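Presented below are the structures under discussion, each in the form of structure tokens.
Look at the two complexes coming up: chain A is in both, with chain B in one and chain C in the other.
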Partner chain A sequence: MSRSPIAILVPLAFLAGLYFAVFSSVAQFLPALLNGLTVTVSVAVPSILLAYAISLLAGLGRLSSIAPLRWVSVVYIEVFRGVSLLVVLFWLYFVLPEFGLTLSAYTAALLGVSLNAGAYGAEIVRGAVRAEPKGQYEACVTLNMPPLRKYARIILPQALVIAIPAMTNMTIELLKGTALVSAVTLVDLTAAGVRQNQLTYRTVEIFSVLALIYFCLAQIVRFSGARLEHVFNRHLGER
Partner chain B sequence: MANEKIRFEGVTKRFGALTVLDKLDLSINDGEVVTIIGPSGSGKTTVLRCLMTLESIEDGLIRIDGEPLNKMESEGRLVPASNAHLRRMRLKLGMVFQSFNLFPHLTVLQNCVEPPIFALGVTRDEARSRAQELLDMVGMGDKQAHYPAQLSGGQQQRVAIARTLAMQPEILVFDEPTSALDPETIEEVTSVIRSLAVKHSYTMLMVTHQIAFAHDISDRICFFDKGRIVEQGPPAAVIDAPTEARTQQFLRKVAQAR
Partner chain C sequence: MDWRWDFTFETVLPRILPGLWVTVEVTFLSFALSLVLGLFLMIARRSTIRPLSVAAGEFIEFMRGMPLVVVIFFLFFLLPEIGIFLAPFWTGVLAMGIYNAAPVAEILRGGLQAVPKGQWEAAHVLNYSTYRTWRQVILPQAVKPVVPGLGNLLILAFKETPLLSFVAVPEMLDAARRIASETYRFTEPLTVVGILFLILSLFSAVLIRLVERHLLTETRHGK
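And then the complex of A and B:
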């Protein structure tokens, strides 16, 4: 995967323009946005890790030969794919207390975001495992590989490489989805921007900086994914 | 009569309405090298796949060393084999595939070392020294750190043979081991198989289209058509002087294609 020069030039030019045009006003609202950014990152990073774990479990669960595991996975995937993240967040934060389960805003945000993304990730994992050539399974049978080893050592390491581009996509979606956590009272990057806009009325500057920050975060994810894919594909050659 | 190693008793395999193996009876002695030839779609490969438990069979029984493979004895009756039974019986079997099926994310050495560790429970040191020995034997000792994608087809197939031998099987099954190879690399693979047939005591069952090679190494040739053995016997009989019209026709076509 080649790094497109546009991906680097555009934000640089954007930054330079912003610097000259609005330097004075940025100082007014930037600290508040950076606070929002730390909230966004502190929700996003653990959510990403949790979403990956859920993707793996639910994806493999759907492929399991044990029927109850399959049912649980299917129900989970269909419920969380089918219900909007915003509604899930409302449920976790406002509805669950009605049933005696109170979650902090942060916990609700983390759970909502990762359960939502995990449902998509599970389907990605399932697709990647299914894409594994039949010959690999047959080799494992004839070599008498125990089932756990077969998956841990042979099937998953190959399937996860296949899954990287789609998982990168999912991760970027998750990242942008964290903008919804303001619904459960967290002041994330977007919420901080909205609030600063009400205070300073620097609408163009604030939402330009906001767009730029999200774009840069997405680029970090994209670059990490491409890097991972490169490392893992080093030896695999053409398949 | 020598010890019987493998026995197919009335084995029938169907794919939907298509009968691929039709009440197959086949007995292979310990140390015997048997090659199955025949037109494509005749069920040759299916014989191997049923033996390797990669396919289930609708009817009949396969025995190895007299013990049922696809069934097992329970309270004096034959019941469908459990996974544990299949696992134990498969320890005697090793298969080399047409498409090699090496693990592409593992090095040549890892490909040969890991299966014995996980499936046989040998120590890593033991597995490693045995794998190195086998890789030397197939002429791949200097490529241990390479990944499969860095090797030619012939080299990959030789690694696959070493990986199969690392499991210490008694029976070797070759499914068209040279069909996916470039013509110039076929010889390096056939020479390895030849040395296995000549120098070692493996029981071997092979499917191949290399008629001359089959003639060279086999104790017996089985000509297959439509899921049945049409003709079998020593190469000098089946290949050089076939009696069945169907065999003669097939061998004529193969000779013309060359």
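And then the complex of A and C:
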């Protein structure tokens, strides 16, 4: 499951090697792809943070004892898990202006990607919180702990560690989701690749580099997830 | 905002419903392909020939980190270059079939691992043939834990079909985009597509839960 840093370093080194190689065809399209990569990263990083916040809110909202809060969370989760991301992106960008809310392409991409991933994340958070042993809740009652401190100090820190592997997978899905933002006119890594392909017809080279870059990004996410889990487990001690 | 009902029912729905049929077709055809490819991948992964199992494992890992659009575009551009001319529909089926083979292989592997080792040993002791071991002992037990996973994957595949509109497969989203570009009205077509997706995936989620429950009670009676 968890991979050594070599798994990241080798493809990265290979990429660097490709770049510096006197490979005229690669030098021809790689700058454009790297421009696309910056767009992908600038969409992905804020989306990841936003998606985590949404997952936490919606996941806890679904477990809340306040009924309206629960209903809102359930509707949000079911809607965004039921409709595919591409349709959501189109809807945010082309239909929302009809309701008087015009989003820039970047905002629409950010919102679409993070709302979609957040719905999946909410279910992960819910599962992790539910997996907490009952004794933990009872101990909090015994110690007369207020609800806020109960969640902030006892339940969430333990539940979030359980959630890390599933959240890592969700993050990789989000990363793959950013490949669709060309639907709202952003030129991300995939769109740049397609555009370069139409200019240069170097299909195999372009798509190999594309796949390699996505693979590296996914490996970085996987590696940080494994690191994070390790650090948290050590911090929380043996359980 | 002005929502026009006559436009919705007279123009949008009649043109989107054929797209719905294409969506369903692509989903099931590509999923059938995924099942076959996934089975082979799983067998390769479990193989005792080390290079084969390593290659299968790396392929699965690689596919899981790659966006589906990249696979679709790659096949869409590559196939004609190497002299294979397919309709976008079949390119789409092929791309989604290959893409989903990796998760199918992982789910099948999980199902086989859930069968206790003692079952293999018992079949061996009773001198069952290989065919009979698989058919009567292993597969009936391996199928049950696999159903929910495959069902969820099928729903995921269904929700991935709009990506094929990038290469002009005439499915729902493509139909909606065509209507929008002809009439400059985005609201109705895109909303109708969203609602159809929502209804169908909720409906199929319920269906899969029913199948799951049916399988559970069936085995309980069997014991």
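Definition applied: the second predicted complex is superposed on the first by the 213 of 239 C-alpha atoms of A that agree within 3 Å, B and C clash if a C-alpha of one lies under 4 Å from a C-alpha of the other, contacts with A are read in each partner's own complex, and residues count from 1 in each chain.
Going forward, contacts are C-beta pairs under 8 Å (C-beta built on N, C-alpha and C of every residue); 3 or more make two chains touch, one makes a residue touch a chain.
None of the values given here were measured: they were computed from a predicted structure.
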Touching partner for A:L30 - first (chain B), second (chain C), both, neither: neither
Superposed model, chain A: greater residue contact from chain B or chain C: C
Partner chain(s) touched by A:F207 [first = chain B, second = chain C, both, neither]: second
Partner chain(s) touched by A:L228 [first = chain B, second = chain C, both, neither]: neither
Touched partner set for A:L103, first chain B, second chain C, both or neither: neither
First, second, both or neither for A:T142, with chain B first and chain C second: first
Touching partner for A:I172 - first (chain B), second (chain C), both, neither: second
Touched partner set for A:Q158, first chain B, second chain C, both or neither: first
First (chain B), second (chain C), both or neither touched by A:V72: neither
Touching both chain B and chain C, residues of chain A: none
Touching residues (chain side chain A, partner chain B) in the complex: 133, 135-136, 138-139, 141-146, 149, 153-154, 157-158, 161, 232, 235-239
Chain A-facing residues of chain B, complex: 52-54, 87, 90-91, 93-95, 97, 99, 101-105, 107, 114-115, 118-120, 147-150, 163-164, 167
Residues on chain C engaged by chain A in the complex (per definition of touch): 1, 62, 64-70, 73-74, 77-78, 81, 159-163, 165, 173, 176-177, 180, 186-187, 190-191, 193-194, 197-198, 201-202
Parts of chain A lying in touch with chain C, wherever the complex brings them together: 78-79, 81-88, 90-91, 94-95, 98-100, 172, 176-180, 190, 193-194, 197, 201, 203-204, 207, 210-211, 214-215, 217-219
